[in-house]
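Have a look at these structures, which come just after this line.
Consider the two complexes below, in which subunit A is the common component and subunit B and subunit C are the respective partners.
After this line comes the complex of A and B, so read on.
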């Protein structure tokens, strides 16, 4: 580039050209950083600001600068904390179910499907993921209802005599919703994680006479741990934070952090909403930090480099 | 024990995989099935009808919502995808990869309601600050800058979609060999020419999939849009408020089915096109003889 610009005739024009070039080089360098600046301004700063806003004092319709821990008190010394912990428990159950149902699929695809076809098989799971999550959650209502698809089918088959009512407007309903919403993610992240497990591992294990259980626990699990962990954290945090799941499928007592936050916004209690966001942020950071300590999460990115 | 030793186990695993996909799709399919029933959900008789769909397209409110949704999707895609390409290129060059990847992928891990309320309060307070600043300076130009509007919704949705676009483009870029850019630059091409003529054609499938992803994600998104929008409605916000206020009506089944149908057709056709293209490329490759093979040997 620089050699091209010096070809311009005339000394003054050359100098102007060189300045132009320099300016363009700086502009180009910053153009590549523009998205990062955007993300800092509109993602990192607002997320960090939740901590500041959470200690502001509540006014009638808004809040004013100050320092009070009232919102945290409001969260930790009320039924909200209990609800939050309960939703954590059910979210963890959903993660476990997703892992048991979904991870074997990732192993199977990596191991038994020819290399060229692997991505196409995983694409199958994009399909449900691309249907709006809200619609999939709403669609569960007619399926799980008293006179819904599951109950009528089971009754027609003569397996049960009267409809199971525990499927909807209970914690079970929320867990079912979480599993059906987030199962594709454990397949995707498991698929990425299995990149760290070479195919010959299976043959080596066969040759050494290792059974499937020990192969899974001692070989596959440690190698694929970072990816599995990332997928699990994703599901866990979304189970805590997606308000519509308990809102649509849950009954009494099914309240998660997302629902507390949106209810606080509706009640114009902005400091409380920000406190909940800050608590969720802390939970997420804590989980990621623990995961990074245990398995070095940067290993997930190796296939991308 | 390998898969060939026990073909039935292999088939069983395939059956399990397809069963899971079918289970994930079942509720949506069921909704589609209900949406064509003239008598709605739970009726004893099933009578096929297009009526509920006709109702959607005669509803002024819904049509305007559909227009807003499409505008939103197009604007967000026009920003998100170039941003993702820029950052992916930056990521390839930079030596400090961790901050970049953290910043780009972190929105994945922030649940919709949390991100939505954080941005809502952020925009509200920035707007308040700007109004105060405008008063002090004696101008009203700053007043509406960060009031909840179309643009705040756009910002929220860019944050939401950028990780997906970034990952898709980064994966496609992984197959690109940067020596080609170096060769182009050595031949005197400018940085932009080298990108547009050499690199872009090779990452085009990734860029197109990123566009499709972004459009569909925006089309489907409810929580962030409804928290950050000002003064307009999108398809999903109309749908959800109808469902939450009046319960499921036959029309809302038809609306959900329609949204799902659009998504399935878009993604399905992309998958099909990719498969057909890959197939025809492979066939073309097989038909062409190896460049350094001796002509006497038939190409096989």
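After this line comes the complex of A and C, so read on.
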């Protein structure tokens, strides 16, 4: 029987195949380089530009190349530093509350919800994110305000005589907003972190008679620490940077770093806005460095391996 | 066809096509919509710009704009605003100078605006507001709304008419008072009060020295430490919510906020006239350099003509409560009973009277977008926030 050959005359299939192999090799190399290119173009370069612009001279409407540390001096030796530190304090409080509320949910889902339903339960926490953040934050006002849902309910039940005014237009209001806005992040990162805790660990602890507190502190926390830390940093940095929350829920003059930068831009003080951004970036980098030294953040992805 | 086959007939055809294209260009410019970069408050007659288009007999493409001066400066001076917009609006008495000095807007030919004859006397040469539409003596802007910002108060709860800024700072409203989260209007109104009441040594509340800014801010810091301010509002919705929810009983705010708050909860929320004076301001429409280069002048002047027509003035007064910039509004309202019923007419007459009273106050200070010591304003405002 004659054999049908699909080879083209002159060995063209062989050449085309070799070209295809070369393309594949090049494409494979770039598939790994692409994220790097993306990060350099859209993260490293803008961040470097932010630092460079922060030492430029301010002009009436823009800025001009030069070198001055005036914007940093203007930040560190003014009330802006106090505002920044205050917003750090309240962001840290929001992180703590998110951890107390959110991490047990992650542990519960990991430990008690059947494997097939775990991701669906976690998915529920994504639903609020389908609604714009500004709407979510604004919707808190009718709940927390003087004649809002919380106060009217408590007064109708006879629990309070006067409305609680500390819920809104105060630092408390901002913390409530931060917790409700960012709680899902600690749930996600906690859930991911709990993937690093094998389920049999719970059974072993039960068999050994280890109490819940010791189990949490000596077993779960060390294993889940990188994920918890990553979620906490996310909440902390957003607490510093999202200007919307102090703007809508905060009291007279409530500000965070995001609002300080926004107000600098409003006054056409672009080098100051850049300096505030650079300081926030340095804060983030510092936190990540500390976290990596303490917990080895690459362990977050261990379960995926 | 070879190159040398190009004959006289083809040359004529090419010439005709070129001429036709040349003639078509101005026609295209006339047919193109006027690209107006303006906020919603620049229109009347409905949710969109249809009524404005019909009145001006031009097509308008509106691009929504915020009230932020920094955004306008960035777009028009540093960015590509001139390529995008034929006309734009912003605050007069500062922004028109900034934009004209950077060649972002052009001088206007007022003879091409028939309703220029209606403009308020204060805008004419030598008038109190004349500078707010001029740059180096040349008209570069047309005003379309103005106001003198004052104090909104909940009459139902307070039970009396408030006529002094003293009320805003009075301890009886501790924790129930608000001001704007913007150092410009907040410091200007406070400085007007300090100056007129003799509690501060302030020469010009519009453009304070560093020491005057310090005095004004220290006054606010002292009050803030006592828990006087419930919050500093930001945006119309936020400001209206504060008053309608009765979180605050007194608030230094725009009149539109008082109108929205009163409509929202039906309470008797009023807008007072302060004996010490008010921060006054206007909004103006300007022709961009790009708009002029694209041949959009005719369309711009038609729109400018509408802005100085009592048709616009009566409707902006009725809708958002802004002061018309032309004479003849009262007569126009009287002559159009189908558009304004008896109740609306009475409301507008009363609103207009109060506006004229506020605008005539000698203690008023003009809004200054770029005060000379803006750095001091920024730094001291940060201290107020931190207090």
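Definition applied: the second predicted complex is superposed on the first by the 264 of 305 C-alpha atoms of A that agree within 3 Å, B and C clash if a C-alpha of one lies under 4 Å from a C-alpha of the other, contacts with A are read in each partner's own complex, and residues count from 1 in each chain.
Simple rule for what comes next: contacts are C-beta pairs under 8 Å (C-beta built on N, C-alpha and C of every residue); 3 or more make two chains touch, one makes a residue touch a chain.
Please read these numbers as outputs of a predicted model, since none were measured by experiment.
Novice: Is A:96 touching anything from subunit B or subunit C once the two structures are fitted on A? First, second, both or neither.
Specialist: Neither partner.
Novice: Which chain, subunit B or subunit C, is in touch with more residues of subunit A?
Specialist: Looking at subunit A, the partner in contact with more of its residues is B.
Novice: Give one of first, second, both or neither to describe whether A:265 is in contact with subunit B, with subunit C, with both, or with none.
Specialist: both
Novice: Taking the superposition on A as described, I'd like to know which of subunit B and subunit C A:61 touches: first, second, both or neither.
Specialist: second
Novice: Quick check on the superposed pair: does A:141 touch subunit B, subunit C, both, or neither? Answer first, second, both or neither.
Specialist: The answer is both, since A:141 touches subunit B and subunit C.
Novice: Looking at the overlay, does A:88 come into contact with subunit B only (first), subunit C only (second), both, or neither?
Specialist: Neither: A:88 stays clear of subunit B and subunit C.
Novice: Given the touch rule stated above, what does A:240 touch, subunit B (first), subunit C (second), both, or neither?
Specialist: The first partner, subunit B, only.
Novice: For A:221, select first, second, both or neither according to whether it touches subunit B, subunit C, the two together, or no partner.
Specialist: Neither partner.
Novice: Just to be sure I follow: which residues of subunit A are touched by subunit B in one complex and then by subunit C in the other one?
Specialist: The answer is residues 62, 138, 141-142, 147, 264-265 of subunit A.
Novice: Hey, which residues of subunit A end up touching subunit C in the complex?
Specialist: Per the touch definition, subunit A meets subunit C at residues 60-62, 74, 78-80, 82-83, 86, 138, 141-142, 145-148, 165, 168-169, 247-248, 250-255, 260, 263-269.
Novice: Could you pull out which subunit C residues touch subunit A in their complex?
Specialist: Result: residues 68-70, 73, 77-78, 98, 102, 175, 178-179, 181-183, 224, 229-232, 234, 237-238, 241, 245-247, 370, 374-375, 377-379, 381-387 of subunit C touch subunit A.
Novice: Could you pull out which subunit A residues touch subunit B in their complex?
Specialist: Touching subunit B: residues 1, 4, 28, 31-36, 38-40, 42-47, 49-50, 53, 62, 101-102, 104-105, 108-109, 111-112, 120-121, 123-128, 130-136, 138-143, 147, 149, 180, 183-184, 202, 206, 233-234, 237-238, 240-244, 257-259, 261-262, 264-265, 270, 273-274, 276-277, 280-281, 284, 288, 298, 301, 303-305 of subunit A.
Novice: Inside the complex, what are the residues of subunit B that reach subunit A?
Specialist: On the subunit B side, the touching residues are 1-3, 10, 13, 16-17, 20-21, 23-28, 30-31, 34, 41-42, 83-84, 86-87, 89-90, 93, 97-98, 100-101, 103-104, 106-122, 124-125, 128, 155, 158-159, 162, 167, 170-171, 174, 188, 190-191, 216, 219-223, 227, 236, 239-240, 243, 248, 256, 259-260, 263-264, 266-268, 271, 275.
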